[in-house]
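There are structures below to look over.
Okay, so chain A shows up in both of these, paired with chain B first and chain C after.
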Partner chain A sequence: MVARSTRSLLPYILITPPIILVFGLIFFPAAQSFVRTLTGVDGSFSFERYLEFMNDRSSVTSLIFTFQVTFLSLIGLFAICYPLALYLRFSNSRVAYWAQMVALLPLFVPGIMSAYALIRFFRGRGLLETIIYQLSPVLSETYYSPYVKPEGIIIGSIWESIPFTVLVLLAGLRQVESGLIESAQDVGASRWTIFFQIILPLTRRAALIAFCLNFIAIFGSYTIPYLLGPAAPQTLGVLMQRTYQEYAQPLQAETQAVITFAVCALVGLLYVRTVSSQRTGRN
Partner chain B sequence: MSTLSLKQLRKQFGDVTAVHEINLEVGDGEFLCILGPSGCGKSTALRMIAGFEEPTSGDILIDGQSVVTMAANHRPTAMVFQKYTLWPHMKVYDNIAFGLKLRGLARTEIDRKVNEALELVGLPDYGKRMPNQLSGGEQQRIALARALVLEPKILLLDEPFSNLDALLRVRLREELRRIQRRVKITAIFVTHDQEEALSLADRIAVMSKGRVEQLDVPSRIYDQPATLFVADFIGVMNLIPAQQNGATIDLGALRLESPTRVNGTVTVAIRPEDIAIVGESDVDAWGGEVEQIIDLGHYRKLLVKVPSVGTLKVYAPKALDLRENQLIGLNPSRFTIFRDGAAPIEVKREAVAPLEMSVAV
Partner chain C sequence: MRTSKFVLRLALLGVVVMLALGISVVSAQEPSIINLYSSGDTNITDWLQNIIIPAFEAEYPQYKVQFTNSRAAGDEPIIDRAMAALQTDDDPQVEVMDIDPRGFGASVEAGLWYEPTVEEIPNLANVIEAAQVTPLAASYRGSQVLIAYNSEVVAEEDVPTTFAELIEWIKANPGQFVYCRPDRGGSGGNFVRRAVYEVSGMDPAVWTPEFNQELVDEFYPQAMALLQEIHPFIYDDGAYPAGNNPVLELFASGEVSMISAWSDQAIQGIDRGFLPETTKLLQFTDLPMPGGYTMLAIPKNAANLKGAQDFVNWFLSPEAQALVVEVIGGFPAIAWDQLTPELQERFNSVITDNVPTWPGGDYNPPLTELWYETVATNIDPNS
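And then the complex of A and B:
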């Protein structure tokens, strides 16, 4: 009897610490912050801090800039990762094996290290420009370094997210059985038709998952935009840090954080819906 | 109105030769089964016909025209796969219509053909369903409809029913045969299940290790196996290693006669139904002891231990009163002699009076 009741309690005992941690360290302070941002100077309910954010030119620029950088990074990311994952899924060659290894490499490099590696690689007079100079001094005069430019953030974000994205897309593609593709070929579909009408719809969920998780990661990131991005405009992550530390305005930083969180939470909702429809959906 | 011929068709995967120079002629409207154990190269042969594998050498002709250089999506063949057959994101209707849409048919035409195909496989109202709302058997019927709707010249089926339970398998098999006769399509059906092949096929190609061992009508595959492999693989068979000296093979208490004179090792193959049960004291018989009785419903299978011959499988009618450890006599009425590098020789012995039901042994 005793053994049985402890066994039935065991799962609850096991999940209690993480729940306490999540509530105590994330939900509770987040809720507190949220309530604070909705409190006016006089202590009553008010939107004044959000109005302040909206009326502040640099905050709004930063919000728009963060969206732009995030979307451009995601476009670049999918443009690179989808073809790569397709190749890895459908090629049996040894090259594919090594390509997969290389694609996963950034996963094992700490973000700050890869950021510095990228700086050394593409800054002015960096490795890339030196190589170009060796090949053609004339060409190297036109070299445009993405360092401390928006492009720097985009390249850095893409570089960081490639392994995860390839893994998610590859997992999705591996679920598309070869039989489904061969059946399509059998009834007369060309490669393009197979791609657009079979493979793409069947990997929609994997792509959505990769989109959501990467969006959240890039939208709220700090290290890469701080190290590789321009001084202005800056992404919300950088702005938040500056507002908090350099400008010593914790209240404004808190508002920026809640806005960042709200955007990510919306995308997170999309993620949860995608994942749960997978569970209740087919198979 | 289509014929298929395979000429010296061969496929090699690295060091593995999956298919060795197969030659095969399939007539118009014929239902041919490729039968063989797992890994013998059946699927590889079929996939070469469909265009999913490129032959290492050899030729494939449909209606006399070579199709080897033709990509799978242009070949006049249609295939039903073993599993993962329907596209899970498309309704049944769209699954069947997919190939028709690619051919640019008018909507009304597509509509008519899809409905006809659904009617043909006996699922007329299933168009709006999603594949995951269908049972395994229904999915395979839709896959068949999807293949037939394109009116291919050759229908290819790779173990389409092997994931279904036994009863359903038999039902679908009969239905497939009915449909195939109705649309008069040339069909090639791959299976490892001999019962399936024997009951479906006009002719069977028995494959082993990438080679066609025998190509014949089902009854001859069973009655006159061309090789030891076929003899062993099809049906139940007693295979007894023996020595032939001239025209005789001494096997236990019996001296078997062979029409050809030769000295050497042979294998004597005897079907259980060609062994009559006689009295223990019968002189023209092997004396043996019943080791095991297996009840198979309307008859019984006996395992009988015969000294210096081995354990033989024998059938006994239920009426015959038998016990384990009982001594009985066995008289072979027909056997086949297999010798390496020679054609098998079928021998009939004089009929003997089987044990009377009433006789207490």
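And then the complex of A and C:
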């Protein structure tokens, strides 16, 4: 009797520590911040902090800029990773094996190191321009360095996110059964038909997962935009740090953080829906 | 059976006794901890960790310095913690901080900082007057921001000697000059402050430590207008790197031929071959760029106050001050004549007694904010 009741309690006992951790370290402080940002100077409910944010030119510019950088990075990321994942899924060659190894490499490089490596690679007189110069000195005159430019953040974010995206897309593609494709081929479906009618719909979920998680990571990132991005405009992560530390305005920084969190939470919701529809088998 | 059990128990007892003895012996010898925080650039934190702390511990074996690099998180959270500890009478877990307390207004108002005295820190008597900028901390090294240029690229007759000439030089040589974001490194921050001096009659005495909003309103927009003038001619159409080191790297790679740089970092860079041999340093003859003294601040509720005082006292000894000059190319907080003649000779070119000190504190945030909003974006400050 005792043993049985302990056993039935066991799952709850096991999940208690993570729940305490998640609520104590994430939900509770986040809720506190949220309430604080909705409290006016006189202690009553007020939107004044958010109005202040919306009326501040550099905050709004930063919000828009963060969206732009995130979306452009995601477009670039999918343009590179989807074809790559397709190739890795359907090729059994040795080259594919090595390509996968190389694609996963950034996973093992800490962000700050890849940022410095990229700076040395693509800044003026960096490795890339030197190579171009060796090939054609005239061409190197037109070299455009993305260092300390918005393009720097986009390239850096793409570079950092490639391994994860390839892994998720590849996992999705592996779930597409080869038999399905072979039977389509047998009835004479063209490559494009197979791609658009079978592969794309079946990998939609994997793509959504990759989209959501990358969006959240890039939207809130700090190291890459700080080291590779321009002084103005800056992404929310960098602005937040500057507001908190340099201007010593923790309340404004908190408002920026809540806005960032809210955007990411919306995308997180999309992720949760995508994953749970997979669990319940609904599409 | 019985005997073996007895032997086992005896052995166990022996182990326990020896462990207990061992622990008590260790605890008797255990040095007391001094927690030191610094958010300095790598040249400073490396020097503290690899040179300063071992030298101090060798001389004072009763102490162990626990070093924490606060560059990533910033000093603010540590100070906040110390202030909270002051209210609740707890251990702030920090003895010495490599900061200027005046930059943290709330902590000064809360009376967090111990004011060093000659009675408790005898070597404080050696500190020169120029370095005694605040009673809240002990200055231990100085440096100034100067102009570094590549003499291979910049002809001797074109080298600017005043700030106004530098502005002209920048305009005449597009893309060849760069300074870093003012909040991300003092080499950029003090360049921007020099622009403030330039438009306010080149009189640092105007900028007293008491914050004056009128000065800000009057001179900051003028300084921004001056910096906007050169914005299109800065490296890569106005790209400002995020720190002292990225600027030095652009200079080292030959991307730019003139930069604003910290004296200590530039001297170290030339010594170690990181910067080209043809690198030359200059300071404006009309009014130098600001520099300043870096200080060690001690929260008055520090658990190991005596250790903190001994550490600072040792740091102000001529032996430790020689390490400031020799290893990082900084200037000492004590008079040069207390150092060896060889050292004085070697650092002849940077010895100066005319470096203005920017008051900092509340003057900084609006300057940084205005710079980001007007210069970096190139938007008219009056619009």
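Just so it is clear, the second predicted complex is superposed on the first by the 278 of 283 C-alpha atoms of A that agree within 3 Å, B and C clash if a C-alpha of one lies under 4 Å from a C-alpha of the other, contacts with A are read in each partner's own complex, and residues count from 1 in each chain.
Heads up, the rule we're going with is that contacts are C-beta pairs under 8 Å (C-beta built on N, C-alpha and C of every residue); 3 or more make two chains touch, one makes a residue touch a chain.
Bear in mind that the values here come from a model prediction, so they are computed numbers and not experimental data.
Contact with neither chain B nor chain C is seen for A:S136 once the two complexes are overlaid on the shared chain. Look at A:S277: by the touch rule set out above, it reaches neither chain B nor chain C.
Of the two partner chains, chain B is the only one that A:L180 touches; chain C does not reach it. Which of chain B and chain C touches more residues of chain A is settled by the count: it is C. Contacts of A:R123 after superposition on the shared chain: chain C is touched, whereas chain B is not.
Applying the stated contact rule after C-alpha superposition, one finds that A:I198 touches chain B and leaves chain C untouched.
Contact residues on chain C toward chain A in their complex (touch as defined above): 74, 76, 105, 181, 183, 236, 239-242, 246, 249-250, 253-255, 364-365, 368-369, 372-373, 376-377. Chain A makes touch with chain C in their complex at residues 57-58, 61, 119, 123-126, 145, 147-149, 226-227, 230-234, 242, 244-248.
Considering their complex, residues 177, 179-180, 182-190, 193, 197-198, 201-202, 282-283 of chain A touch chain B.
Of all residues in chain B, only 50-52, 71-74, 77-79, 81-89, 98-99, 102-103, 130-132, 143, 146-147, 150 touch chain A in the complex they form.
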